[in-house]
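Look at the two complexes coming up: chain A is in both, with chain B in one and chain C in the other.
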Partner chain A sequence: MRAKLFADVFIIEAKRTMSYRADFWINVIGGLLSGIAIPYFMWSWIFQAEGGGDDTLLIGGRTFGQMIAYYIACALISKVVRGSDLPLSISSDIYEGGLNRYLLYPTRYLPFKYAQQLGAMVPNLVQMVGFGVIFFFALGLPAGVEITATTVAMTAASLLVANLLYFLLTYPLQLISFWADNVWSLIILLRFVTSLLGGAMLPLEMFPAVWRDVLPYTPFPTLFYLPVQTLLGEVSIVAWGQGLLIGLAWCVGIGLCGALVWRRGELRYTGVGI
Partner chain B sequence: MIEVQGLSKTFTVHKKQPGLLGSLRSLVRREKIEKHALKSVDFRIAEGEIVGLIGANGAGKTTLVKMLAGIIHPTAGDATVLGHRPWERHDGFRQHVALIMGQKAQLWWDLPAADCFLLLKEIYQLDAKRYRETLDYLTEVLDVRDQINVQIRRLSLGERMKMELIAALLHTPRVVYLDEPTIGLDLTAQRAIRDFLLSYRELHRPAMLLTSHYMEDIERLCERIIILREGELIYDGALSDVVKKYAQHKRVIAHLRKTPDSVERRHEVSLIAEYESIDDLEVRLRVPRDRVAEASSALLAHYPVADLSIEEPDIGTIIERIIRRDGGTEPGAEK
Partner chain C sequence: MKRYLRLYLHFLRFSFSRAMEFRVDFFFRIVMDCAFYVTNLAFFHILFQHIGGLGGFGIDEVYVFVAGYLFADAVHMTLFSNNTWWLPFLINKGDLDYYLIRPVSTLFFVSLRDFAANSFLNLIIAAGILFWAMLRHPADLAASSIAVHIALLLVGVFITWNLHMWFILPVFWLHTSTGLRQLFFALEVFSERPHKIYRGVVGKLLLSILPLACVISVPTYILFEGASWELVVPLAVATPMVFLVTLVIWNRGLKAYASASS
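Coming up: the complex of A and B.
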């Protein structure tokens, strides 16, 4: 797919998504409530129960302020990584026959959908930048957390890889619609597994040692843990580079798996639908 | 341009029993049914031809169109369109083909048509001058210049269909598939689209395959038709020949000056033709094609005829009978 077409699809999709103002604000409020307010109240309670909310008590190697900064970064970053996965647009294309148009056009389906997914993620990006500035710069950073131009640039690169990897993880699962009518539960399961093993629910330092040894070689830390650590300045350049390489290797592997599922599945496509 | 040899398609569908119990049972075990949508179909279509594809619902028309557009794979047989196997989806094929489905929007619902067209310009890599000229021509002829900045979902059905046509023809395809392009449209919109398709054919000479349930579409646009029945091709030929092939009788109607006075007269005529109706001042006969002159002479000889007319059966009625298999298949009539 040519870069100009990719850019055009991205822009059109961004324009389309940004035109839904009500959805934008509901998304903001819902995201903040679930992603920040719940961990804040929960960790406040835990730190209080453990003997105080000052900067001397460490849980999982973090002070209360660092813990909340981790969850704020995670809440903002995870929306960008996941993009607009929940409308299940690939699955809908198969189920409702919308795939017809993409098979007719002289272009490739996967990059086209990825450009659309990136475009639809723009409101999330606006939220991430806007609320990131409010939380981290206007309200101040906790002690021990430093955000610099370098960490921001490194985070942007991590986000690109994380977003691509998450999209490629959902792709073969959505393609199961060639065989099954509804794949909603699979995507929800993926959300849960990636949130848990990717560090969006708990920082990975809190996992048992065996898990901590194995997880770096799985695709999951690349999704949330690595970008969050990068933003908060908790990772060295070498570890960051290794993390990105592992993520990219998984992109290739999962991409090949997706291509295989597509090749088998599209033979079954009937082009019928609503 | 289009060559089809022994093309077949079988779908496997799951049968689900109704009710809660049926749903529960289907979680464990599902019954599969094979549906033969298309059975070894052969035909060719040349450049500049508009061929009507006719059949009842479920006859396999849309399945055939989807296969020739490269959307679905066949179960058996082969086809080439512009020298390519459609389902291999080479860009060299897709660059020159268009599909318009009246029952399914291809354009992006939330975007204005102008944005969709710009995206298609990039997809088909049209140069700016050619794109502008084609778009101006199509919006002018279809009279939708003022609507191209309106979101597709806010357009009327007729306007949306016109936008679909523009989107499909922006890249001036050499092969155009039209699946029910006038469905649901009012008479004025139907006529506008038919006129447009004829003028487009004159200008660009594409091969066109048209499916429609409206006989007027077929009669106005197609010189040749293909009839499918339950997945089988049962007729491929000139539209005008359908009448000769399937309607082996004509109707002869005599308007009488006065009431006929003898019962024997009826017998003389019935040796040649079959009476459909007879009353005081009108006689209607169903006459074999090759005996129309003889039957007319007998009527003139035995009845006080004031006026005589000979009618061909309505083509729509004949085709309807053929596709429903009730009377359209007179012995020796099928291909």
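Coming up: the complex of A and C.
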């Protein structure tokens, strides 16, 4: 796919999603309420109960301030990684026969959809930057958290890999629409699994030792844990590079798997909707 | 009443036969809900490796609490979720007409006609997890307490359905409910933690105007701490009030309904 076409699709999709302003603000409020307020109440209760107001108390290796910073970063970053509800558009294309037009376009389907996914991510990106600045710079960073130009640049690279990986993880699941009528459940299932194993529900240091040994070799930490830790300045350049390489390796593996499923599914596609 | 019961049995029959036509989806839904159960149990299991309690609950009480919301969620998914999902489409496309002309309560019909047979299997699994959590609890929980707890969880499901409707019914005026539905799902997560962790205004709101604390948290505190006034009063007031508000919004919405042009 040519870079110009990729950029055009990206811009059109970004404009389209940014035009739904009411949804944008409701999404902001909802995301902040569940993603930040609930962990705030939960951890403030826990730190109060465990330490009685001791500011140096560590749980899972973090102070209260560091824990809240982790959840704020995670709430903002996870939206960018997951993108919008667009992933389900692939299964709709297959199920409703809309794939026909993409087969006629003089371009490949997967990069086209990925350009759309990136464009649809723009509102989340605006939220992340805007609220990130408010939370971390206007309200102040807790002791032990360092956000520098370097960590921001490293986070941007991690986010690109994480977003691509999440898209590629959903891709073969959606292609199951060639055989099944509804794959919505599989996408939600992926969301549950990645939330837990990717560190969106709990920082991965809190997991039992066996899990901590295995998880770095899975695709999950690349999704949320690595970008969050990178932003908060808690990852060395070597560990960050290793994390990215593992993430990219998974992108290649899952991408190949998706290509295989596509090839098999395409043979079954009738073009009239199921 | 008998007529409604007979009608509901027909709903069940249709729902099961339809679910059997989409067997792969049936299977996927079961796997998805099992993943939901495992991630929630794992979250609290891992959390309790580092802490001693949450909202006054120890690990044994928290397992009962989590199992309670898995059970309540499964009941809600089975009875209401498909119906609440389709309701905005019925209103926007004017398909509500077909239900308005039937000689039964329209609210009853559109709220209960689609029984999610695939979620019903998950309900059995969730009930199993709830009984496992109660059986492993070191205190001997009396059968009567367990029965009251389950009854209160069902009341909690009723409250959830009402709150969900509050966020869907504005579709009569707004013609879209996507944003509000997302907001409800975000707010609903507040019910998935013991309500005593919420301090100040938020804690009070969750026991009054938006009584999400009454869904699982209050029934679980009643089970372990007994029925005190500060637990029973919000539950007793919230249950009829939320339904009354739903009825008011529904009736006003029907007046604003203009069939296919809605």
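Assume the second predicted complex is superposed on the first by the 267 of 274 C-alpha atoms of A that agree within 3 Å, B and C clash if a C-alpha of one lies under 4 Å from a C-alpha of the other, contacts with A are read in each partner's own complex, and residues count from 1 in each chain.
One rule holds in what follows: contacts are C-beta pairs under 8 Å (C-beta built on N, C-alpha and C of every residue); 3 or more make two chains touch, one makes a residue touch a chain.
What you see is a predicted model, and the numbers here were worked out from it, not measured in a lab.
Participant: Taking chain A as the common reference, can chain B and chain C both be placed on it without clashing, or not? Answer clash or fit.
Facilitator: With chain A aligned, chain B runs into chain C, so clash.
Participant: May I ask you to decide whether A:Ile38 touches chain B, chain C, both, or neither, giving the answer as first, second, both or neither?
Facilitator: The answer is second: A:Ile38 touches chain C but not chain B.
Participant: Touching A:Asp23 in the superposition: chain B (first), chain C (second), both, neither?
Facilitator: second
Participant: Which partner does A:Ala180 contact after superposing on A: first (chain B), second (chain C), both, neither?
Facilitator: The answer is second: A:Ala180 touches chain C but not chain B.
Participant: Applying the touch criterion given at the start, work out whether A:Pro106 contacts chain B, chain C, both or neither, answering first, second, both or neither.
Facilitator: First partner only.
Participant: Does chain B (first) or chain C (second) touch A:Ile59, or do both, or does neither?
Facilitator: second
Participant: With both structures fitted on chain A, tell me whether chain B or chain C touches more of chain A's residues.
Facilitator: C
Participant: Residues of chain A that sit at the chain B interface in one complex and at the chain C interface in the other, please.
Facilitator: In chain A, no position sits in both the chain B and chain C interfaces.
Participant: Please output the residues of chain A touching chain B within their complex, sorted ascending.
Facilitator: The touching residues are 2, 4-5, 8-9, 12, 15-16, 19, 97, 99-101, 103-107, 266-267, 269-271, 273.
Participant: Can you name the residues of chain C that touch chain A in the complex?
Facilitator: On the chain C side, the touching residues are 22, 24-25, 28-29, 31-32, 35-36, 39, 42-43, 46-47, 49-55, 178-180, 182-183, 185-187, 189-190, 193, 196-199, 202.
Participant: Applying the document's contact rule, which stretches of chain B touch chain A when the two form their complex?
Facilitator: Residue positions touching the partner: 11, 66, 69-73, 89, 91, 94-95, 97-99, 101, 104, 106, 108, 110-111, 115, 118-120, 122-125.
Participant: Per the contact definition, I'd like the list of chain A residues that touch chain C in the complex.
Facilitator: 22-23, 26-27, 29-31, 33-34, 37-38, 41-42, 44-46, 49-50, 59-60, 179-183, 185-186, 188-189, 192-193, 195-196, 201-202, 206-208
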